[in-house]
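Here's a structure for you.
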């Protein structure tokens, strides 16, 4: 997404004849209940090369790699290491086979030190000696030129440093095949470049790397081979040098021409619905901006740069300092004191199952969750009417399965998001906070969500918090770039230069 | 061919019932084994148990009587558990309820029944509620674990009861034995017709249905269930979680308090230490067996009460130790807990790869 | 003054010892990420087993070990329900208590009032000569002396052995442990069962050293107090010992107040320990640092794949 | 209302109506007339073959059948409730019929005696002592007996007692104070069943309350203790501050002071009847406070242990506790219910049993006594004590003879007078020389 400064030393690394693959999957299939996560996948990984695994969220990349890492067990097919079929019952076997994985959500124990985390499961002896552990890890880190204090507690480290720890783990275990699951999601552009250089060095030491991403430019920049995964199937492998255009790659990835332009008619912009004046605290410093009815303001930035805090302060999950946040021209406290269920603010959170819905309740109850005031007369709750309206919404947004008695956890990500959207729009909001609204959605769902949001501009202003720059450019009128709890820039999308400026700002580079 | 665990994508219809019955059977089997271990004829033993619990009218009557306080306590426990508030202090709240009721009856012995009884119920609810409110408050303000605080408050409540009946409230005519004076007629819940069952039964019915309706049809009830999914969701939905926790605990304590009130007023007709026979703890078993559903609780509490009564018959006929019933309770609960696994998962033959 | 205090402290050590064993056991369990409210039940049943074995074999040490084993068996019951069957940990613990206590009353009847060989106090060579400390700490039975050592072993286990590290990892983040090639399920079983062993020893102390005769309800709520002490101790052995003694001290103190001929009603005095527990929790909440409960405490590990 | 199926035991008074087919009865009592039961059950199922149930054990198939049937009965019974025809009405009618009906004539003189205990009989204490009494009674050829143990006082006890009455027990001993009201209640419903309530004070036409003057033994043990103490401090581990216990403490103190005027008795309340751990602690606390003789009103021998470990003396209660502390045990105040229980059941058999009495049996009746004194007790003390014992056995109650002062030194029993039973009954004050409070 961001401007990538990494260029690889060698443009093309040809694969010498007769090199044996270190790892290969042979017709591997994996099901979760009814869901088919991977379908008869066959793929080879060669030593000293970087294989990129490209695919949308939910295309089955992580599942596939988790099988390599021994976390899951394939239902059909098998895995071969050095041409010998292996059967991983636990991560232990995979590690023993020299396969190491860095998960998207780091697998680190916060309350333990770096050294302890790196050596976890690799201590060798029953009795351990903390000092000696620190020494070993420290030496290792130096050997690879990674500067990190082995005695530090994970909870005190930044995301980038945590990733280094994860990498140290793999190095310590001397894994030959390193799998990285969306490693750049939490990194600033600099860190990304550092990481890529590190990865490249490793391949030169003969390690093979599998690099999972859904970001085209990264893949093109880094990979020796690109395998595209769609809907659990391997869409084919290709050579980055053979790639003519991103859009072609993209279309192969998503299976159809990506909608590059959404129909965004202009709506007239009127009074502000959100105003933030000199908001400092909660890890934010001096935030100033406003969202007006009829416009979409996107907040972009690397994850963990204060977007969460901003959203929570706005949506009332945590309390901002007095007279900093004004919603619909009312001070925060006053607004939440007397906010009504409808014609007010609504919040579409990133965490759909944990926060936006009740996982064990049916559609009706989930509709009622935020709209209950609308269905209550006195102390009573009019469930009959709620059921009717639920049915209407299910039809209108075609939420599958069409039953009102389906429980939240039974819905697929896309349908769940549609349901949340349906509910929140049902409230005729004047101000919408949408957080990663399309994360993990397939293209059609994404398209729908985008259009819904654009239509919503007629009645409301929208604060869009997203990690997907493309989304921001598509929808927003203004893009606010966050870095270390500050807003470094407020850029209008109408200007061409904008897309170019964002990258450096995300990295904190202001000129 | 090894079995693998598969998550169900559809919840298992009637699964809960199947599991409950299974647990019941298992428990019967184990107890039969225990009997055999004692050199008793197992089948005959179970038969005696059956007679003692359901075999005749008086047994049922006894069970019904015992079920009343259990039912009320369990309702209290259930509402709290619904919100993931682990209130295991029903025992203490029960005691406080009894104290409250007694206090009123000693204060205004001469009031007519129609005024005095409501007064007693009010005070019982109030004291019980307050007793449960303390842990709720500590939990919210100081993050004090409610499991421990409610538990400790049980002990304190019982000792408080002791203190009262051994001291200030002791009946001068009781030759110094630990008991309050007998209640006046106005303070006693009358019995239904000539049976031994008292009108507390009807009261339970009303409370039960009322609570069910509250959970099902009111906004507060809905908010209560929603908050059961966690404080953050509640906050997202603009539900005032803190208030709700306090309210629920107060309600829960009050219900247990009512149980205490009914027991003192209708059964003992006075306050004495022997009031405390552990209803508060059995209530937790009942509540969980009933999956926190008010209507199931009615059945579960009757069942466990009948079990307790039946065990007495076993004692009389076969000299089985009294603890027998408690063991059965424990086993049923453990089995049900283990069984609930199959509500979410199922075992399937692995497809060989 | 001393002639009042020394015996008081001595009694404190006495009544604190079972709590030390039980509390450490519970800490072990919770460090592994499992909440076990069955301590009361486990203690009482293992107390019975200890008594029974020592009564039949005549060897208190066998009884002591037997109690530990009994504790393991019962704890594994809890482990099975929670870890394998994903049962609710709170309720399962309560069920275990109900079951354990019931079983004790059921099986214990023939032994009630009987007398079994147990551990008797003896002056610890040399150390008992130390003026005050000697009288307080070193004129007890073997199990008390053992309880001085256990916390150190405990500390050593968590700080100096890989297994300890693994247990902590499981309690904090099972997924991470799994990713590191460990087996969280097995580790949790280990934590619960070994914790059960310690709790069992606590039970043994009641029937073999505290008194030498059997009765139902020996544990008398001590199991619950142990659970409370775990929170007070912030899952640290050192503080656990302190808490256990503090609690035992109050218990012994109120009896002595009566023996001195005080005029407070005894019910109020008997309340002291329980009130104290709540106060302690409040204080540790107010002044203690953020209470670092194991992150995954009370949550079960969902099976994968 | 047509023909009702009522379910009840053979001792249901309407039993007789089996003859006219107005009621068809289903008899669900193991003990009595299985055949009739079989018959009636099959009526309900609508066929006529008799079930034969061989002695005691019930074959599974038939068991299941019985279950289904009883289930059916439950339904019926609820309908019964609905129209309010609760059979209790008839219950009271004339339970006398029961015996004629149930028991064949040759068993007519059999006496069924029931016992209700508050604690497990195995507790080596109070209930245990009663159960020894029961065993002696059970030994008699004309008596059958049964008991229910650890029955909580209050609601449960009422049910248990009632069930006993229903099952046709002739005399029921309810042996804990808390059973008083339930006993009276049930007694009203079963006028022809006889009740003996222990340690209470209420009585009725068919209810006697009875107890033993254990304080006499206490007094004697007090003499021994007073003679043996060196520190002049004696400890008394007491259960609950109720007159029974306080009486004992006072008698003990009186005895002590007779032997040793400046000795004092320290009291610790445990508020438990049986919690060895706690009671041992209590004893320890007393020992630490300088007491060198420990007496107890407590069911567990734990205090004895404590005393022996501390090298002090101790005095047991309930039964001879010398086995628990051979080195320390001076003597025990013991119960011996056997003789009086025997007398009672004999009276029931001969029909000479009379209700409405408060029986307070004394050493004269042999209900209370002291255990043989230990070797450490000097001969002269032994003799002195034995002399007093003989006096008591001759019916001369010399325990509370005035002048007796209370803790504040004011005269409670004037010089030369003896304490009246009323005074003893609600004795809620300590005599001079006792350190402690009565609440």
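All chains are identified by letter, namely A, B, C and D, in their written order; residue positions are counted from 1 within each chain.
The rule is simple: a residue touches a chain if its C-beta (ideal position, glycine included) is under 8 Å from a C-beta of that chain, and two chains touch if they have at least 3 such contacts.
Computed from a predicted model, the values in this text were never measured in an experiment.
Which chains are shared contacts of chain C and chain D?
Chains in contact with chain C as well as chain D: B.
Report the chain ID whose CA centroid sits closest to the centroid of the full protein CA set.
Given all protein C-alpha atoms shown, the central chain works out to be B.
Where the centre means the average of the CA atoms, what chain is farthest from chain B?
Here the answer is chain A, farthest from chain B.
List the centre-to-centre spacing of chain B and chain C in whole Å, with centres computed as mean CA coordinates.
For chain B versus chain C, the centre distance works out to 28 Å.
Let me have the rounded angstrom distance from the C-alpha centre of chain B over to the C-alpha centre of chain D, please.
A distance of 31 Å separates the two centres.
Which whole number of Å gives the spacing of the CA centres of chain A and chain D?
Roughly 75 Å separates the two chain centres.
Can you work out the whole-Å distance between the CA centroids of chain A and chain C?
Roughly 45 Å separates the two chain centres.
Among the residues of chain D, pick out those that touch two or more other chains and give their numbers.
120, 241, 271, 439
Among the residues of chain C, which ones contact at least 2 other chains?
Only 105, 109, 216, 265, 267, 270, 305 qualify.
Scan chain B for residues touching two or more other chains and write them down.
Counting only residues that touch two or more other chains, chain B contributes 159, 162, 166-167, 321-322.
What is the shape of the graph in which nodes denote protein chains and edges denote touching chain pairs (line, ring, star, complete, other)?
other
So which chains actually touch one another? I want all the pairs, not just one.
The set of touching chain pairs is A-B, A-C, B-C, B-D, C-D.
Which chain B residues qualify as touching chain C in the complex?
Chain B residues touching chain C: 4-5, 34, 86, 88, 138, 142-145, 147-149, 151-153, 155-156, 159-160, 162-163, 166-167, 281, 284-285, 288, 321-327, 329-331, 333-334, 337-341, 344-345.
Provide the residue numbers of chain C that touch chain D in the complex, in ascending order.
Against chain D, the touching part of chain C is residues 4, 7-8, 11, 14-15, 105, 109-113, 115, 120-121, 206, 210-213, 215-218, 220, 251-252, 255-256, 258-267, 270.
Along chain D, where are the residues that touch chain B in the complex?
6-9, 28-30, 56-58, 60, 63, 66-67, 70-71, 74, 77, 80-81, 84, 86-89, 120, 146-156, 158-160, 162-164, 166-167, 177-178, 181, 201, 240-243, 246, 271, 425-428, 439
In the complex, go through chain A and note every residue touching chain B.
For chain A paired with chain B, touching residues are 32-34, 73-78, 315-317, 336, 339, 347, 349, 354-356, 358-361, 365, 368-370, 372-373, 376, 379-381, 383, 407, 410.
So in the complex, the part of chain A that touches chain C is made up of which residues?
For chain A paired with chain C, touching residues are 30, 69, 71-73, 90-92, 94-96, 101, 103, 107-112, 116-117, 120-130, 169.
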